[in-house]
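Listed next: structures, encoded as structure tokens.
Note that chain A is present in both complexes that follow, paired respectively with chain B and with chain C.
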Partner chain A sequence: MTLNVKVFRFNPETDKMPRFDTFKIEEFPNMAVLDVVMNIQNYHDPTLAYRCSCRIGMCGSCAMYINGRPRLACRTQVSSLGTKDITIMPLPNLPIIRDLAVDMEPFFEKYKKIKPYLIPKQDLKEPVICKPDSGERELIDYMLECITCGACYGACTMVATDPHYLGPAALTRAYCLIADKRDAATRERLVIVEQSEGVWRCHTQFNCAEVCPKKIVPTQAIQQLKKRCVFKRLGLFRG
Partner chain B sequence: MEEIKADILILGSGGAGLFAALHAYDSNPRLKIVLATKGLIGKCGCSRMVQGGYNVVLDPKDSVELHFKDTIKGGAFINNQELAWTLVNDAPKRIHEMETKIGCFFDRREDGRIHQKPFAGQSFDRTVHRGDLTGIEIIARATDQVFARDITVLEETRGLELLTNSNGDRVVGALLMNIRTGQFIVVNAKAVIVATGGSASMYKISAPSFDKTGDGMAMCWRAGAEFVDMEMLQFHPTGLLAGKSRLSGSVLEEGLRGAGGRLYNAIGERFMERYDPERLERSTRDRVARAGYMEIMAGRGTPAGGVLLDMSHLGAEFVESKFPGMCERVRDIGKDLAREPVEVSPTAHFQMGGVRIDVNCYSSLKGLFVAGEDAGGVHGANRLGGNGIADSTVFGARAGDAAAEFAQSQDWVPVDQVQVKMFTNNVLKFFGRADGPDVYQLRDELKNLMWEKVGVVRTGQKLEQALKRLAEMSEEVERAKLPTGSLRGYNLALNEILNLRNQLVVAQLVAASALYRKESRGSHYREDFPETDNQNWLCNIFMRKKGDGYFIETRPVKLTRLRPEDVAAK
Partner chain C sequence: MAGIAGNLLAVRERDEMLSGWTWLFQRITAFFLILVLGVHFWILHYQNPGEILVYADAARRLQTALFLTVDSLLLAFGLFHALNGLHNVLEDFNVRSRSITFVLLLVGVGLFIMGIYSLWQFV
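So, the complex of A and B:
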């Protein structure tokens, strides 16, 4: 089977306009879109730029806009696309370095704004004792699987319209820390996320959840944060 | 050319690089620390890809002595015992630090304490984990902590060469290249910590991330550092087979065998009964990998060249709840790990050999510290699953502490501009060269050559053939074409040439050392010398650059804490 692959090409330094190059690529069993991209770069056009590292969905380096939706190239099987026509573009809402490689800096800038690191409580001397069924970790545990791939950020229409909006991944991380009983800066973070570029920008469209390769529902984290923000306003937040 | 002055330069952002950065900074926040990494911070390297978990003694019924003994037994007694002892003693401190300072949260058992699961080759269930995707938690949280500190991070910036003083005995910094722009950067540093991971990617079937191509080891070699036991390269027994897809070789984690997973050949025999009747699939990696390889070679493999890993007898629900990540990965190739056997093959995984270090990560060159997979000696002839991420965080932290102390007592030694010029020319020469060997063809050849001749089963003859061809290829890569015009930034073809150049250095060290060790031990198996020979070979092999060639010698292992007799007697 031959795949018709259209690849977005753009060098911001030299090109006025982006273009699409077309490649005919032989499909093989278990081929992922990342295989397609590597194949093109290795054997058809060595100038193509893209980013990847782990090739098993753990590093979050290879998010691209594949047939109209942000996906991890390494975890998108060609056979799952249901067509032999593949269009590969860079992840939206981020500056392009070249071709399929985007600059993740704006994404991480916002991630850093919510203070993504644990600020441990003074009395935290030993690993906490926490029964798996105690509900103490609420929803956090599965959300910790976030690989900061930016797929949600690329899918979010609110990020597209407001470049300052913190976006789903940063808010999800904020929630994980605010709900973490070990952390001492929960209130500080709540102040950050309740500002105008924070949680209230989310219009619960679930675009993020639809594309997240780790099946995280950032909307859920954002709703949890909104609830806490309201409690805080009412003077009821304990944290 | 951009020039940066730093107290400490760290290359790599895996477990070793990140923990080095955090520890160096926390020992003295006034130090200027630069961390350069080939991919995006925390997203590249294998630490991120750690699935199974982290070996550490936490349970009062366990002991560091036992962990130590397992590590030395697993390493077939050629570990550097002081390094292994440091590993097992520091690991609890690092896990403690991760849980209370860095923000990691590992899986808990019913009573609320940290859960520890069984791993192969261990006398106690001591592997701490987060589901079956542990590395994400460790590396993401450590990266978050780097963000909290004033550490200069250079992403998509690769180390090209270490810079040395005129005597060649002091490392004074490094030449880097910003991959995005193609521009060179000179860093003049009092101390350099190399933590770039190994070069197992030079094999046809291999597990590591693509950014790991032996760069650090090759740089250290060219700078003149001493290496130890380079023949020791680990094959993981259960790499997924997925045809031509790059998914091939990715690891199905150790815990699967720990939990009771079984291996069958194509004619339905549970072949480990023949190779290690006592421990069966829970035997050490070297044995299981070799057994699988032998079955495949004997014609008892599947048509695609694999054996079968079967979990189905454990119950689909159990497998899916304990190993969701593995199930998901296998589902990507249209198979169901919980319900049917899956084709696997040994896959090149980890380098036990590397730069010789002491317990504080000092190398043989002043100013050069090495930690993690780039360093040798901790694991001897075979690494236990779960000891790798322990190694990189334990020794990364130590390298950070030691380099911070070193940097405070030292002054900068100026960079030699002639040397810089020579190194940059050695990269620039490729530009505009339209004809010459094709780097991707050479790379594919290297992968096949290593698999066939320097792989799971070795012979003197095959190793000699490999060495001959590797030497030729090292010349060919210097003449490689670069058909990308004037493109400087994000030039993946140029980077492939630089990768291959380094892989070829490491490949030659592995093959030469493998030829030298005329016995079989741990992951090094010589068909022409199939026995372990403690009379003559209870020793380490050291290599150093000498002119264009090398100097090689053996030194007896220092059995400072445990001797083979002590284990046999019990």
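So, the complex of A and C:
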């Protein structure tokens, strides 16, 4: 079977306008979209720029806008698209470096703002154990699966309209740390996320959850953060 | 410069403080709007289904404490919810200015006074 593949092409340094190039690619069994992109680069156009690394859905570097939604190219089987016409574009809401490669800098700048690392409490004695059934870790266990691919960021309409909004990935990471009983910077992080460009911009549209390749629901984390921010203002937050 | 930066930071911090409270009141007013609108609809349309709505009946109803309270609350909650919603939409599009907040506040207070004045005519 032949695939009709439309690929977004744009070099901001030389091109005035973006364009789409069309390629005919022979499909093989269990073909992923990343195989399609590699095939184009190897046999049709070696100038095609894109980013990938692990090819098994661990690194999050091959997130692209495939047939109208952000997905990991390596984890998206061509057969799952249900069509032989494939359109591949770079991830939305991020500056384009070239073709399918986007600049992740704005995404990680916001990620850094919430201090995405554990700052342990001084009085804790290692090893600190949170039993899985204790409820102390709340919802954070599955949220730790985030691979920072930026698919949620690309799908978020709030990021699209407000470039200062922290975005779903950064807020989910902030929640993972704030809900962690071992963390000493809970209040400091809450002050960051309760800014007007923080949690209040989320309108619970669930676009982030729809596209997350790890099935994380950032909206859930953001709602938990909103609850904590209100509790903090009412003087009811103990963190 | 430090003074100006300090003042800007203070203004910003006040604005940040506001966004959490407005989020909470948006939810509270939403809850009461559903409640009060439910009461409003029930009394007007379902309590006496055969009744034809006429001005004289509406005027008589508005002379009762219950209707005055319900309609005043509906006015206050509705105005806050709508204008704060509009403020949120503007913020979503990164349109942020203290003068916009002030104008919306002024519109809200003005419309509330107009509404209360209109209701007061029936007392």
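Criterion: the second predicted complex is superposed on the first by the 238 of 239 C-alpha atoms of A that agree within 3 Å, B and C clash if a C-alpha of one lies under 4 Å from a C-alpha of the other, contacts with A are read in each partner's own complex, and residues count from 1 in each chain.
We take it that contacts are C-beta pairs under 8 Å (C-beta built on N, C-alpha and C of every residue); 3 or more make two chains touch, one makes a residue touch a chain.
Given the structure is predicted, the values throughout are model-derived calculations rather than measurements.
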- Task: Check whether A:Asp162 is in contact with chain B, with chain C, with both or with neither, and answer first, second, both or neither.
- Result: second
- Query: Given the touch rule stated above, what does A:Arg71 touch, chain B (first), chain C (second), both, or neither?
  - Reply: neither
- Task: For A:Ser196, select first, second, both or neither according to whether it touches chain B, chain C, the two together, or no partner.
- Result: second
- Message: Just checking: does A:Arg137 make contact with chain B only, chain C only, both, or neither of them? Give me first, second, both or neither.
- Response: first
- Partner chain(s) touched by A:Ile129 [first = chain B, second = chain C, both, neither]: first
- Could you tell me if A:Arg9 is touching chain B, chain C, both of them or neither one (first, second, both, neither)? neither
- Query: Looking at the overlay, what does A:Ser53 touch: chain B (first), chain C (second), both, or neither?
  - Reply: first
- Is it chain B or chain C that touches the larger share of residues in chain A? B
- Note on the structure: Within the complex, chain A is touched by chain B residues 39-40, 43-45, 48-49, 95-96, 99-103, 105-114, 130-131, 133, 135-137, 140-141, 144-145, 147-148, 180, 209-211, 242-247, 250, 328-329, 332-334, 440, 483-485, 487, 489-493
- Query: For the complex, which residues does chain C have touching chain A?
  - Reply: 15-17, 19-21, 23-24, 91-94, 96
- Message: Which stretch or stretches of chain A touch chain C in the complex?
- Response: 158, 161-164, 194-196, 200-201, 203, 226, 229-230, 233
- Per the touch rule above, chain A residues touching chain B in the complex are 13, 28-32, 34-35, 38, 41-43, 46-61, 74-75, 77, 79, 97-99, 101, 104, 111-112, 115-118, 120, 124-132, 134, 137, 141, 144-148, 177, 180, 182-183
